[in-house]
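Have a look at these structures, which come just after this line.
Next come two complexes, and both contain chain A; in the first it sits with chain B, in the second with chain C.
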Partner chain A sequence: MPTRPLVTSYEQDLRLFEDRWARAGLVLWTLVALAWPFVVTDRWVTTANLALTAVVGAVGLMILTGFAGQISLGHAAFLALGAYTSAILGEQFELPFWLAMPCAGAVAAAVGLAVGPFALRLRGLYLAIVTLGLLFLTNHVLHSLPELTHGVSGIPVRMYSGGTDAAGEALRFSAPWRLGSLELGFDEKLYFLFLALAAGAAWLGKNVARSNSGRAMMAVRDQDLAASVLGVHPARSKVLAFGVSSFLAGVAGSMFAYQQQYITIEPPFDLNLSVQYIAMIVLGGVGTVFGAVAGALLFVCLTPLMETVGGWIPFVADLSTHQRSTLMFAVVVCVLLAVEPLGLLGVWLRVKRTFAAWPFRY
Partner chain B sequence: MTGARLELRGIELSFAGVRALRGVDLVVAAGSLQAVIGPNGAGKTSLFNCISGLYRPQRGAMRLDDRDLSRLPPHRAAGLGIARMFQNIVLFEQLSVLENMLLGRHHLFESSWWQDVLWTRAARRAEVRHRERVEEVIDFLHLERYRRTPAGILPYGVQKRVELGRALCMEPRLLLLDEPTAGLNQEETEDMARYILDVREELGVTVVLIEHDLGFVMDLADRVAVLDFGEAIAVGTPAEVAADPAVVEAYTGMGAGDG
Partner chain C sequence: MSNLLQLCVSGLSLGTIYALIALGFVVIYRASTVFNFAHGEFLSFGAFCMVSLCAAGLPWGISLATAMVLTGALGAAVERVVLRPMIGRPVFVTIIVTIFVGAILRSAIFIAWGPQTRGMPTPWDPLTTFEVAGASLLANSVAAVAAGACALAAFFALVRRTKLGVAMRATASDQETALALGVPVGRVFAATWFLAGLFAALAGVFLGMFPRSVDTNLGFVALRAFPAVIVGGLDSAWGTVLAGVLLGVLEVLCQGYVNPHLGEFGKNLHAVFPYVVMILFLIVRPHGLFGTREVERV
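Take a look at the complex of A and B:
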């Protein structure tokens, strides 16, 4: 088995899955993902839905923070905008989800593009504070429009599939599908929709990373003066990063709203959520799409995992499930980052290197 | 690709009372190799920063062929074909050599942002086409074995070469080299001299060179300008400048008559 594929053209060099081993891995993961809702319990289907939502949001934040180097504490604001856009469009206009979701992304992206120019003059912590201000501002606006958002009491999120049934009622996405003997409930249907969206987001992120626009973002992140001398327009790159990032955050917010079916403003769309997204991309490994996906999956799955596993560990078993997951989560994050500062990406690179060199040690 | 003529007239630049440049005049003929020398703090790098758009001089005119440069932001200056190597290496350390050099071609990419994000055929084609040009530069500078290496972990001498390569990828008409041999050993300095001569010979690019190694300057340059306290005190061929009493005084602190 060759350790590296033989590259014979530049087109081949640009492929995401460069050799048959990578493609075999892709097929394997696809099969696992497709079989998932049929082999696990309902709780893990719900967890997977939340994880796939987090993947879309984390890829968005990775483009902004990981690629373009703009630290944002306002990610929750874009998620909130996406969530409320789809909720309001569903309630007021009975808009089907496949129209409401792009609208949610577009609304969030519009706000992102408006905030982007602030990043031209501010960097690092200062930008973090401004984006935090955006989060407070967004929540305040949502609270002060009760005729649309129902204020603190929250809003039901209706998910329409488009079209009407025999009685003239708009079709709901929650109606189960029957394919022969197979029945797909609401959660399973959501799962397949979210799987496609998460895969799309990862593909989009990867495209940014490997293309001219993404390289320009990374150049601005590493050395913005040198980037401008090379012909990169730093303002354009930052604004583009804000636009794409907030679009994905808006879509993720919309996914979250459909999954929850009833949303309020705070929680969940508070500073805590923004910090969680930063934790995801750091945990996964900043600067790569792999990091965003792996970090989001691990972050969301850790809590239910620890609630289950924690019962078998002495002392930890005496704690409540919530305490258990918090404690174990803290331990896992601290140990992982102390041992492997690159996060899951670093772990993955090590594993890959070991297998590529096998049976030698290096 | 041919070199452009650079014309600087009465460039004045000051930072809150410090007058960095006091009316510098300099004309660099198309395709020639102009050296700029002078003691530390004479304003050499400030002059480069004005040309590449990082600083905006308060007075004076800058022209590249017929284009006025004085109000151009850096990325527009780059679009006109002004490429630059920095005094203290400024590479994108986390990016590979290949990505660094592809960034040199950023302004030449035809694909727009949405084509990049959706990875359309136009984006893929642009990527391959520019990769081909980058490979030519990699070949020219013998950087093949470092293609995939992050630029930050390369040895100093190789980083200098990558920076030259990145500048060449921009298809420059004017190449600004700020101390290309600073920190290089004898062998690397000779390599760098060879590359600079080859660039001129094969590409016909106009080169402006800041350098402290006077032997290097005297061997390479067609013309030399000497800056001191923000003024061009002498301009001429290397031999003329070396014999100029004002230059001797600036460098040694002794007037021609002091012996």
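Take a look at the complex of A and C:
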């Protein structure tokens, strides 16, 4: 059974990166991330953008489900709110993206804080189904405001970077950037913006995990009665978790909208999306930021792969590409859950320990 | 007035179907504390089996029984293969596993039966109506209510009167004690999933009848039965049956009387109406109508 390394001092518990493995990994991944758009094809830059969006959303869900232990099937509702807020702000007010994104997060967080109090009275499955109800209600409301959201036909998402050009037109983010001989197109610019946001989200998640409020959330998750006896305020922790989580989900929704440039309500913002986010954090390993990041990256990067591989399997080839990747994922998740309960984190701990204990087996 | 009666009967038939679906959830939840999100696919599986068996020339009654048994066997197989190894894992692990098992089953059904919409065969003319007090009632709706009532009566008789029922209740109240007393808990799990499969197939068959039809999206109706489970209380069979019937009637009444008056907001409002009722209800009673209240002690 893989276990976490033994924590022997308070300083060690507070460290942002626990050992030299984590620091080495960080350097390596930073290099890979910075070189990525210049090395791979356009298709993989787009995939990376989606993956970084998923990282932000998954860190959000990890704070709620992984840290505070509140199961939510309504994550897609917060993503939808974020996406539509930034789309509407862009369309109606030509708001630049750096103002629209925090607004998207704030709208989602406001709804999250309103739902939070439900979690004070409901547990486990009851809460899961109430959040599912929230998702259906949100989509119904979005459908019933056609003058803002254009209903089923969808809404174009315009990304302004603020200011106007010589002709008085608002500047678009899609205009390419020149840095010497280097030209950054829309996808590359988006990639670096998203990379910064995803790194920020992961940092935020990490800081929540090692702060007072994060430890309070984990205490509530593990045993809320004991936590409240020890002086933790379970209500405050749960509502805070809902607020932070839905803020990140709103930002992720807004990122998704800017990346897609045209969004509709259902799909993509349906139960399936919520389930995908849960699958990400479970695949990665529940309860750690590493799990959220690794799960999100794996999940999104595997999708194009799954669609291709699915074409080679008889019967599965009859399905549409979307159904194919859903099916393959379902199989992968079921198998992984059966053999490695800690997900990718478990695999990583196993590998790390094998090397650390080499040449002994344990 | 006749309009109201008509709506009530079609609401009752929808409610009976919700009750059958919700009962499937509750039976499984009580025995093994798993909330089976794949239940909707059992519905479609049962309905598609029924369509194929009837097309193969079997008499209607025998096809129905065979479809029910096949779906029950599918349920038992899912429990044995996928969920038995998950015993003792956190709640959300079983939630995710059942959701993804549902996705696998949906793809399998899609591969086996294709995307076409089919009509559900009925032994009577599907358009038969009875004229009662000026209202025309669909024979299909009346049959759904009757069949549902019979199935529910049989279930409660089973739980109260038979040895299996006692074993199921024992397992539901405490698995370890039941094991210690010699109840074959593994077999009880299999039996509960089998039962849930039977109900699902029955619900699927009546759900697929005119005015609705059978296609691969049939399973999504199970999502609309969730509020019944929650309003009734997750571990109360009577509560969910009552809540299922009530929410079915409320949904149809909402479609008939509330939707047209709310303009744009009223479009498809009935589809989310059970959820609205559920959320309002949970503010007042967080454990549903008859669910067990959790006792907190320090």
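General observations
As a convention for this text, the second predicted complex is superposed on the first by the 319 of 362 C-alpha atoms of A that agree within 3 Å, B and C clash if a C-alpha of one lies under 4 Å from a C-alpha of the other, contacts with A are read in each partner's own complex, and residues count from 1 in each chain.
Criterion: contacts are C-beta pairs under 8 Å (C-beta built on N, C-alpha and C of every residue); 3 or more make two chains touch, one makes a residue touch a chain.
Since this is a predicted model, take the numbers as computed values, not measurements.
With chain A as the common reference for superposition, the partners chain B and chain C occupy compatible, non-clashing space. In the superposition on chain A, contact is made by A:Leu204 with chain B only, not with chain C. Touch criterion met: A:Ala216 reaches chain B, while chain C stays clear of it. By the touch criterion defined above, A:Gly287 lies against chain B but remains apart from chain C after alignment on the C-alpha atoms of chain A.
In the superposition on chain A, A:Ala249 makes contact with neither chain B nor chain C. When both complexes are overlaid on chain A, the residue A:Met62 reaches neither chain B nor chain C. Of the two partner chains placed around the shared chain by superposition, chain B and chain C are both touched by A:Leu225. Contact with neither chain B nor chain C is seen for A:Cys103 once the two complexes are overlaid on the shared chain.
Aligning the two complexes via chain A yields an angle of 80° at the C-alpha centre of chain A, spanning the centres of chain B and chain C, rounded to a multiple of 10. Set against each other, chain B and chain C touch different numbers of residues in chain A, with C touching more. Of the two partner chains, chain C is the only one touched by A:Phe136; chain B is not. In the superposed model, A:Pro146 lies in contact with chain C only, and not with chain B. When the two structures are aligned on their common chain, the gap between the nearest CA atoms of chain B and chain C comes to 6 Å. Taken together, the two complexes place residues 225, 229 of chain A in contact with chain B and also with chain C. The touching residues of chain A, when paired with chain C in their complex, are 65, 71, 118, 121-126, 128-130, 132-134, 136-137, 140, 143-146, 225, 229, 271, 275, 278-279, 282, 286, 315-316, 318-319, 323, 326-327, 329-331, 333-334, 337-338, 341. On chain B, the positions that touch chain A within their shared complex are 52-54, 73-75, 77-79, 84, 86, 90-95, 99, 102-104, 106-107, 109, 111, 113, 116-119, 123-124, 126-128, 131-132, 166, 170. Residues of chain A touching chain B in their complex: 10-11, 13-14, 203-204, 207-208, 210-216, 218-219, 222-223, 225-234, 240, 244, 287. Interface residues of chain C facing chain A in the complex, by the touch rule stated above, are 29, 35, 82, 85-86, 89-93, 95-97, 99-101, 103-104, 107, 110-111, 223, 226-227, 229-230, 234, 264-265, 267-269, 271-272, 275-276, 278-279, 282-283, 286-287, 294, 296-298.
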